[in-house]
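Going in written order, the chains are labelled A, B, C and D, and every chain counts its residues from 1.
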């Protein structure tokens, strides 16, 4: 299936970044629950937080002239969430290549899993072409400590 | 001017509801700052929080068959805000009539004012027609304690 | 890979629903292109259009007490798009089961593919529990004409 | 009241820019109608269209190092709108000063007014400071033909 989460023990040992957020009322759709597209914004938020935790901001990316863009994603929705729900997001880089890396993310409400996602990010340069992951990013996101 | 905030001492003494939120990266627009429309969602969030603080939720509104809708607004934008900024919102009911009430809201980043708003809410029934403010709402939002 | 689009000839013969939309300026993110989450809203729009083309609206769903919700998705992003771009979306039901069905969608700008997606929808009842696809939906979306 | 639309005959003779859009399903909120904040995005879209009609794009603005930002707005909501509604937006510059200008906008569904708005835009330079309206913008938006 889509979300395998089958990784070697070594992969599993990578750092897990955590952040929390509360569902805001304006994020509900006409069904009265958080719209499926909204979660992608939550996940993006958590990835920016991961980068920020390593000192990487939009400004850093502009200096490097290297930006991560989403090239693919797989999401599995497990439970609806509602206004005021407190969500926790776990974010982990689980694969990396020369110009791309994979982030696996999970959203929880208390101990209940809400969603799992696998996001493939590609690094692009100022012309939008694939480019090597900048050392400052690789060094902080997946090198051994 | 749009935002007068000229109220009688009595008005000024009304309860101020406070909430906080952090700007999320996906809320920026192509200018790199929070888009002007996004703030209206922040303000709506703060108004739902105000109601929730008084025990009024979507469920309560459905039981009453009375819902507040925005009939008019005035906003003055004072400063741009950016990803990660911690914002505080102050929300206060400053006028009330039979079928409507006015909420004044201010957003701050630390001590700097970011925005002031005046929102006119009208109560509607299940047919979308103006209807009296439900006693349970009037009683908690603006009656003497 | 994620997006196989390998289907039997029979599958390929199913009806393709088409709709068009123009990228609006407020849908760009701080990178200046359409944000990856925004496309999911475009795809949702195209699925509502598909249902509407078969006479199925939110009102119909409420009468049936059956609603489709997104249970999983896979998206592959192929090209960035920008303000004013005219996009075409092709939407096709490619698999169906008792309580779920799969929609494959492609977005194009002129003849260039922008994105491919595979969306798994589950039908839920008024308690949010999986329920059989309503005959009126199955009959129009995938029965032989 | 907020929306005076009291202008001299000369003002009234200014060019009215028109655009149309269809409400998309994902723009509804948990009330099932278009959320009040969403209309601000529609209005922004119409203002970008007005600029584009005069040959002014994000690229032009970057060359001039001058960008319009929203400094204030007043909106009056007259009717709810729903998924699939065809809306028309009229946009007109009604006042102009050295560093700012005022745009009045109206949204209609068929012949019914949905919303009126008055938006005050300020021109800023690359440091976010108020700056003179670029001649290329003033010349096309409000000079005599």
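What we mean here is this: a residue touches a chain if its C-beta (ideal position, glycine included) is under 8 Å from a C-beta of that chain, and two chains touch if they have at least 3 such contacts.
Computed from a predicted model, the values in this text were never measured in an experiment.
Asker: Using only Cα atoms to place each chain's centre, name the chain farthest from chain D.
Answerer: A
Asker: By the contact definition above, name the pair with the higher C-beta contact count: B-D or C-D.
Answerer: B-D
Asker: If you average the CA atoms of chain B and of chain C, how many Å lie between those two points?
Answerer: 35
Asker: State, to the nearest whole Å, the distance from the C-alpha centre of chain B to the C-alpha centre of chain D.
Answerer: Chain centres of chain B and chain D, defined by C-alpha means, are spaced 23 Å apart.
Asker: How many angstrom lie between the CA centroids of chain C and chain D, rounded to a whole number?
Answerer: 32
Asker: If a residue has to touch 2 or more other chains to count, which residues of chain A qualify?
Answerer: In chain A, 25-26, 30-32, 35, 37, 41, 44, 58, 83 touch at least two other chains.
Asker: Residues of chain C touching chain A in their complex?
Answerer: It is residues 2, 30-31, 35-38, 40-41, 44, 58, 67, 69-77, 80, 128 of chain C that touch chain A.
Asker: So in the complex, which bits of chain B are touching chain C?
Answerer: Those in contact with chain C are residues 25-26, 28-32, 35, 37, 83.
Asker: So in the complex, the part of chain A that touches chain B is made up of which residues?
Answerer: 21, 24-26, 32, 41, 44-45, 48, 52, 58, 83-84
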